[in-house]
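Okay, got some structures for you below.
One chain, chain A, appears in both complexes that follow, with chain B as partner in the first and chain C in the second.
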Partner chain A sequence: MTGSLSPKWTGTAFLAALVLFPLFATPFWIVQIGAQTMILGIIALSLVWLAGYGGMVSMAQLVTAGLASYVVAYFGVQSDPALGLRLPWGLNIVLAIAAGTAFGIAVGMIAVRCFGIYMIMITLAIAVAFFYLARQNMGFFNAYNGFHGIRAPALFGLNLRDPIAFYYLCLLCGVTLFGFVVAAARTPFGLALQGIRDNPRRMQSLGYNVAVHRVLAFGIAGFIAAIGGVLRVWYAGSVSPGSVGVGSSISILMIAILGGMTHPIGAFVGALLFNLIQNFAIDFIDRERFNTMIGIILLAIILFMPSGLVGIADRLRQDDKRGDRPPRQTAPNAGKKSPNIREGNHP
Partner chain B sequence: MEADIRFFLTVTLNGLTLAALYFLVASGFTLVFGLMRVLNLAHGVVYLFGAYVGFNVMEATENWALAIIVGGIAGAVFGLLVHLAILSWMPGQELRQTLATIAVSVIAADLMIAKWGGLSYQIEIPDILFGSQTLPFVGRYPIFRLALLGFAVGVGFLLWLMLNRTRLGMMIRAGVDDRDMLAAMGTNVPAVFVAVAALGAFLAGVAGVIGGSALAISPGEDTRVLLSSLVVVIVGGLGSVGGAAVGAILVGLAEQFGLAYTPTYGVVYTFAIMVAVLAMRPQGLFGAGA
Partner chain C sequence: MPVSTFKSQTDDVPALVLSSVGRRFGALVALQDVTLTLRHGERRAIIGANGAGKTTLFNTITGDFPPTSGRILLAGRDITKMPPQVRTRLGLRRTYQTPLLLDQLTVRENFYVAVRGIRGGRLHLWRGADAGADEQEVLRLAQLTGVLPLLDRRAVEISHGERRQVEIAMALAGTPDVLLLDEPAAGLSPGDRGTLTALLRSLPKSITIVLIEHDMDVALGFAEFVTVMHNGRVFCEGLPAAIAADPRVHEIYMGHRHG
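Entry: the complex of A and B
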């Protein structure tokens, strides 16, 4: 009884805390920590969805969000008068989310036949190529400069640039998408996706179209990441090649690893931890050496606390071996049934 | 018209010399992957580390050959450390190993910025390779780039010799095909792993010094090199040294032609090749059949 109730109560209390948080927090905490955690969490959520339920670790989630940011900038109001189209309000957001979804599907179609680390490699190549394209292309990406002066709109008398309003917007998106992922995992599609994660061949022989499921999962991830990208460009006010660099792509992976990829909540937990480290590390070490510290933390988690990771690592390992040769060496726990993701505990 | 042909040939040569550099980097990457199934994403920082060490050696001794050797050894030591301290503790866990190499490259790239700063360096080219040579049709072309081409061919030949004519090469080839059987035959497979990890990192370090002479050394080069290695081995087929050579030539030529004829879309061609190959042969041109 308590087993089924306690996560629910924890969740409710957690949500209440998130809603009430701006009442007693400073603007720094509301925006820098609160809103940014939600934004990073949403982008990481798209990775956790792919990796946790689909067994596909994609390094291209941040650039998917980045593309959405660029679309918001290009088709909306920004400071460079020579560039972009100033479409009526709202249209650029629709376009951005559509572009992110389409990009996600495209990445999925490129990577669909790859499993495990091959998937990482190809999506990483896509992410790096996107960065170089953004840096070189003048027509759409405005090369080195990128776009500046992008601001969240004011609508229905509510100014979304206001810290508290913006925080609630991010919170609303984050909670909705979290619920969306949890619900999507329970649909027939989500269950089939998890089946494909665990044993693509068996699902294939049961009549499921493995490729279509995987590509659609990428499309959904693209949709989630695109929303994160829209919020991110409003938060930052600008988008440039620096915001879609490899370092940022790796940050998203770090967030997912920090939080664990076995449950969608991991994305937000990881984002909060990452964000706190990023903001308060300067109190302990030289700001310039932030990457060293976060890298060491990441390495330590990979080495000593792989619990969140091992389930997926094992699963992906089985995927790697899929088909091409009989399993060679099986770790003692590799054949073990994976923990039921949908009943994972809230922290 | 003649100018067009000359331009075309110069671009082709540029592409081939770039391919030479890519081959040097990617050969180690693909060798390590082929045997150990480890996607070593720290390969780029090994390259950069080799380049920085080579630069310091060159500054101190003015001896380019020594810089290459020391740069290579520095790379090998780095690669060995990563292998022994981290990767060998999680054998067979490919995803975890890959993530660990990402963490290593984040740390190493940051520490190298701390040590060498954000400046861009270039390793001095020795006098003997300085200047240019008149070639038929092409006109004057830098000697260093021609030497780079020759060097890559030489390294490729040595690798081929090592893989096909030595005992270690035999063990590596056997390990690529079936690790367990190789171990059952009495070979110390972990020792072969150590040797290959060192060899792959040595090649990356050497490539760093050469790349640092031909181009420049600066933070961020590690990512660029990693991208080209990734694309080269994806195109050529993971684990195949011959595939790395073909992949490097394709990518090098595509990049230079893209740069020369449609300057803003250089990367797109590289990427288009990768997508085309993946669509037709997901295992790469020379990869083992799936």
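Entry: the complex of A and C
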């Protein structure tokens, strides 16, 4: 929203760095850090879209991505020749994204009447239910085993399993979706979504159907997460109940909080930091201590910089320019705004 | 969905009719048997002590708390069971006792959301071909209410008086048929109060205006007709001069008459 020059330039510089990065990096950095950061960032982006602009914190974004992964596996090609319906990859991707979007809408329809902590609880319940369903259901999820040997297609002579090609694919998806979210926030739908975050009751009296708006925002979030899910299953080569566990769902929330939900870039900043910690923390501490460490970092961020790393950058820029601007409110402020308790009723 | 701003220019159809409207919250009867008829273009004030049911009355009209009994007709159309957003699209607008704005958005964005709320294309992920017309409407609202310099400030940053102006401007988007103002002068400085009264007087006669007001001077100075509410009922109605002279109304305000 700050229309100054400097973010534009830093943005261009960052993009150039991201494009040139594979020329210098090792395959580990290109795939494990680069591509995976983009994938996690895309899934977290779907949460930042919902929470930052819509005031709706959904814990079901990872399982939405997970459903898309499962669809890719179920309808695609995999190592066990008895499994996989071997649909053409293009159709398979369309199916996966459609399934993720539909699932997002379904989650939205369930959660639409809830605000704040209650929305977190109900979406967390959906995520947990999804995990157990995946673990028990043979027909679609192949239960405990899940699916393995899923590989990205080769198209037009370009093998997407190649580290550099896969990195660019992830980068393209990440940048496009990021641009989409930034642009969508300026459209009638996006502005109204922010209006609903600020004051749902007011939006009703301005002519908006709040419930429809919220459900569609979940649909868009499902669409974004599903693209992340397709990339994720190509990255990992497999999908199993372990990929849609509660721990992973919480990781997505942590990424969003680490990065900050006041701007979509927070999703990717958070994903990078999370990914670096995950990959390098074990060099310094025991593997079992990883959760302790990430927990402490999360705690520090919540306590000292509630709008995440993006919030710090924002604050530094504001100190530079105009000190008179009050700090931006941290994103999910829907909790106190249940439509029926505000403004009371005192004539 | 296309915008259908229902307009009735005929004088024989009243702008707003309430027939024995009631609202209860559990065992509490907040409104009982309220019957009102507003002529097209009328300026009506509703006065009454705290707890008389004035804001509840507005909430039943706008659908925030739909009536539990009775019927409401907007320009002859039964809106009793319609959700708030549909009533708004039909030409009904309101402001709140404490101005409710979209705090994290700029004033310009607040106006834009209000304009699109009436015009339609609420779910569009693009600004559309008539973006210029939207922007023009935003500027018209800002000009009308004198908030042009505020357009690029965030709503949370502006003063109480300015919030009031912005909220009224939002309610004027797309030219309403009936405008409900809940204590528009509350909390304003004497200077802001003058600006507000001038603004209200400048509004076109095609808009029917209902005003809740505590300040008898503001209410009686602006309104052509006054309704006095007491304990959830209409206590009496009359011309401002007659109401001002009525000893029973003074008694209500002094708190002698309860139950």
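Please note the rule applied: the second predicted complex is superposed on the first by the 303 of 347 C-alpha atoms of A that agree within 3 Å, B and C clash if a C-alpha of one lies under 4 Å from a C-alpha of the other, contacts with A are read in each partner's own complex, and residues count from 1 in each chain.
One rule holds for everything that comes next: a residue touches a chain if its C-beta (ideal position, glycine included) is under 8 Å from a C-beta of that chain, and two chains touch if they have at least 3 such contacts.
Treat the numbers as computed from the prediction; the structure is a model and nothing was measured.
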Check your understanding: In the superposed model, does chain B or chain C contact more residues of chain A?
Key -> B
Review point. Thinking of the overlay built on chain A, is A:57 touched by chain B (first), by chain C (second), by both, or by neither?
Key: first
Practice item. Check the residue A:187 against both partner chains and state whether it touches chain B (first), chain C (second), both, or neither. Key: second
Review point. So, does A:198 touch the first partner chain B, the second partner chain C, both, or neither?
Key: second
Review point. After superposition on the shared chain, which partner residues are touched by A:129: those of chain B (first), chain C (second), both, or neither?
Key: first
Review point. Does the superposition put A:302 against chain B (first), chain C (second), both, or neither?
Key: first
**Study point:** Which of chain B and chain C A:291 touches, first, second, both or neither
**Key:** first
Practice item. Overlap the chain B and chain C contact sets on chain A and report the shared residues. Key: 328-329
Point to revise | Of all residues in chain A, those that touch chain B in their complex | key: 57, 110, 113-114, 116-118, 120-122, 124-126, 128-129, 132-133, 136-139, 246-247, 250, 253, 257, 288-292, 294-296, 298-299, 302-303, 306, 309-310, 312-314, 316-317, 320, 323-324, 328-329, 331
Review point. Where on chain B does chain A make contact in their complex?
Key: 37, 39, 41, 86, 89, 92-96, 98-100, 102-104, 106-107, 109-111, 113-114, 178-180, 223, 226-227, 230-231, 234, 238, 263-268, 270-271, 274-275, 278-279, 282, 288, 290
Check your understanding: Residues of chain A touching chain C in their complex?
Key -> 1, 184, 186-192, 194-195, 197-199, 201-210, 212-213, 216, 325-326, 328-329, 342-343, 345-347
Study note, to complete from the structure: Per the touch rule above, chain C residues touching chain A in the complex are 25, 30, 48, 50-57, 59, 62, 64-65, 83-85, 88-89, 93-94, 96-98, 100-106, 109-110, 112-114, 116-118, 121-128, 156-157, 170, 173, 212, 229
